[in-house]
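Can you keep this structure in mind? I'll have questions shortly.
Chain naming follows the written order as A, B and C, and within any one chain the residues start at number 1.
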Amino acid sequence: MIEFSLGQISKIVDGILEGDEASIITDLAEIQHAKEGQLTFLGNPKYRKYLSITKATAILVPKDFSSFYKNLIRVKNPNLAFSLMISCFRPTPPLPNPGIHKTACIAESAKLGENTYIGPNVVIEDKAVIEKNVSIFANSYIGAETQIKSESVIRPNVTIYHNCQIGSKVLIHSGVVVGSDGFGFVRTEKSIKKIPQAGRVVIGDDVEIGANCSIDRGTLGDTVISKGTKLDNLVQIAHNVKIGEYCFIAAQSGIAGSSTIENGVTIAGQVGVAGHLKIGAGAIIAAQSGVSKDIPPGTIAFGYPAQEQKKARREIANIRSIPDIKAKLKEVEKMIKGSK
Amino acid sequence: MIEFSLGQISKIVDGILEGDEASIITDLAEIQHAKEGQLTFLGNPKYRKYLSITKATAILVPKDFSSFYKNLIRVKNPNLAFSLMISCFRPTPPLPNPGIHKTACIAESAKLGENTYIGPNVVIEDKAVIEKNVSIFANSYIGAETQIKSESVIRPNVTIYHNCQIGSKVLIHSGVVVGSDGFGFVRTEKSIKKIPQAGRVVIGDDVEIGANCSIDRGTLGDTVISKGTKLDNLVQIAHNVKIGEYCFIAAQSGIAGSSTIENGVTIAGQVGVAGHLKIGAGAIIAAQSGVSKDIPPGTIAFGYPAQEQKKARREIANIRSIPDIKAKLKEVEKMIKGSK
Amino acid sequence: MIEFSLGQISKIVDGILEGDEASIITDLAEIQHAKEGQLTFLGNPKYRKYLSITKATAILVPKDFSSFYKNLIRVKNPNLAFSLMISCFRPTPPLPNPGIHKTACIAESAKLGENTYIGPNVVIEDKAVIEKNVSIFANSYIGAETQIKSESVIRPNVTIYHNCQIGSKVLIHSGVVVGSDGFGFVRTEKSIKKIPQAGRVVIGDDVEIGANCSIDRGTLGDTVISKGTKLDNLVQIAHNVKIGEYCFIAAQSGIAGSSTIENGVTIAGQVGVAGHLKIGAGAIIAAQSGVSKDIPPGTIAFGYPAQEQKKARREIANIRSIPDIKAKLKEVEKMIKGSK
């Protein structure tokens, strides 16, 4: 059984303990479910209401937290501190031991680095390059000439087409498709012609891609997802899109062809970004927004069509004031009639 | 050739026949396509317009149906009755005979119950437990310590990560990913840190999950889909979400992290529910709604942002009345000027 | 190294060269990135602004293009002409040589035509028919009695359920699921009953289906995607939907059950079409629209709920005029008070 004293935990999370450093913590829980002996945290202020009912032995709180509780550990970032404690109490299951399963089909011209794990039924095509310490789980497919850099993890049932570049320490979840053809066609009088999709997908280091995402290859150049960016599940990245560093793109959002997302952008769930646009660095796009114009750096945008958040909110307030306008208008009419 | 008399059919569906009980039905069809010898039904009132053109020999109708037709069978629920007749006329292809395909890779420590079907290239990892009468189709992956209860069916190319719980009589369609990491990160000054996702996914009995859905594992606790709930295709269920019993979630909807959907909720297609919300029992959320606040039990909600349906409709009506407001305002101005 | 003179290129694209026919082109690029020795094109007028900075040796332009540039090739359709040049400069990697991989599991009763490629771990069930020159990539699954016509290409990790029809020259990308059960249930007092999904999916010739789409089988009849239609990634096609010829459906759009999309319709990204509707021939539905009523042929529709584009735009303009209405109303009030 894993256990830590509050004194030990304070050191691990680099926090200031207000309480009993000898108290023992044996598990973690969310604030509303936490019991005696458990550590919890207060990240989202929405959960403050559970302070009065939680049974947690101790709580990780922000430095300026003002309420009283029997044991508090003040930290710079409670989410980060709690995350650290999850690693301590619930260690992630280790990756499989290196080795190549006997059912894997690996082309003779493919190159495998040291200490790779290649699971059952994995298929690796001609001239693919898999660097050291890469893990590729069962039933995944790596196309010809694709390169996967060191330490990356490819979960089961992933498909990576030919001639793509996957960085180091990348994590790709199951069901993801990287490098399928972009949606490029020309309508002619009688039919529809396919535009060849001859570019690549290039994924930077430390990128994570959620389950069942699809990332199309470029037409001529590359579709790019830069270092440190995280995609949630079921995200669509169209051909020629360039995504900067350390962006978040939440589930079911889609970026249409040739758009650019600069560094540090946050895109919430079910957002659509039209083609050939630029989302400036650090912008935040609220959930379900439909972006049809460039978004300047640092802007918080919202709505369908998306606009600067304050404008969008004022618009909603304006709509909700229409009954008042009507009432006022009636009043004015009466006044006029009365004055005649 | 399968055939039934109208007398036989009336008995099967527990209905009241108005017509010729000796008439023979040899197939089923939708009302607009039905021909002589075929049975059809009237569920959706929208299809009433086809009554005058259908060639069906008989129609399953609600008990209080008022029009005349040569052969009517009155039933409590025409959809349910027709569904029963589909089972009779078009029996579902049987599941494969029990057996373990020679290409399946099953860990020695995994446990398989009696009469399981394990298809080609299925991978079952350490200590997984597959109960009796479970069918797992080709190229699916079952992670370590995952448990699948009796009678469940896993279609081809499904991925279930480690340490998940799948109930009895569950049906999971192809391309589904269960147990991938939740989208949990903390942005720090220089980069983004991953929060370990150490919880599970727990799926109750009689759940059906449509093609290409993704269901993330909990951070600490479980992501839960309770008994009898049905998910359509391409649905996103984020970490820590709790879904009650007998809910419907239609295609391409997404439920963000830590939200709770109570029993008997119906969520139409392409709906987004933000994180940390509660949708009360029996609520109905219309298609493409964006839910940003708790929804009380039994509410019909609609819109972006979603609100109670009547309010949402009044809002649309208000918007559409703006031209009238403008006209009235012009009139008022004229009256004032005229009166001066 | 591949190279063509401008004279040669003019002939290939059937264009009129204004410039030096001996100039040599060694590669292609987008207008903003093109360098000396490269050919580019001007399709989207949005990219005209790059005319002054591009270093391209020559540009494919529309016939009536008015600006001056050192080497222009005037063509009927610059996109189509450029597409043709991509095929010349970046030939698509050839399909694998015919052959059946030793790890493929093919039922004895399945029929394979001449010159098929069946990749590693492909599973083909009883009585499936794969016609000549079909390529099925690794880890894909073809259900019993499904038929795939000549020249079609099935990418890795595709799932096609039993008893579906795939036309000739069809291209299905990875992660696609064809023929899963439609979302058909009847809510009863105590639980939810499944309606058997006994129909098929029928896909016409020259259809392309993007990564991770899901296409459900019909309940009784067929779900149909007709000749020449192109689906982008993550598209949802529900049971009994009929899609006409030469339609485009962009990423993450969903068509609910029993709706009909007539020929030549264009549906942009993240659109939802409700069930039992008809979208008339040649209609265009803008991105993220929510279609809740039939759309007449040739209509451009937009919005949530979707309406004819002009109406939808006027509505947005009306909303944005509310502050003016309020100001005017205040003025009117003052005038009245002043006049008293």
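Just so it is clear, contacts are C-beta pairs under 8 Å (C-beta built on N, C-alpha and C of every residue); 3 or more make two chains touch, one makes a residue touch a chain.
Note that the structure is a prediction, hence the values are computed from the model and not measured.
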Turn needed to bring chain B onto chain C - CA fit, degrees, nearest 5: 120
Proportion of interface numbers common to chain A and chain C (over half same, under half different): different
Chain A and chain C: spacing of chain centres that average the CA atoms, whole Å: 26
Residues within chain A bordering two or more other chains: 103, 121, 139, 157, 175, 212, 234, 252, 270, 304, 319, 322, 325, 329, 332, 336, 339
Interfacial residue positions of chain B with respect to chain C in the complex: 28-30, 33, 44, 46, 77, 79-80, 82-83, 86-87, 89-90, 92-93, 101, 103, 119-121, 137-139, 155-157, 171, 173-175, 206, 208, 210-212, 228, 230, 232-234, 246, 248, 250-252, 269-270, 287-288, 304, 316, 319-320, 322-323, 325-326, 329, 332-333, 336, 339-340
List of chain A residues in touch with chain C within their complex: 103, 105, 121, 123, 139, 141, 144, 157, 159, 161-163, 175-177, 180-181, 183-188, 191-196, 198, 212-214, 216, 219-221, 234, 236, 238, 240, 252, 254, 256, 270, 272, 274, 276, 290, 292, 304-305, 315, 318-319, 321-322, 325, 328-329, 332, 335-336, 339
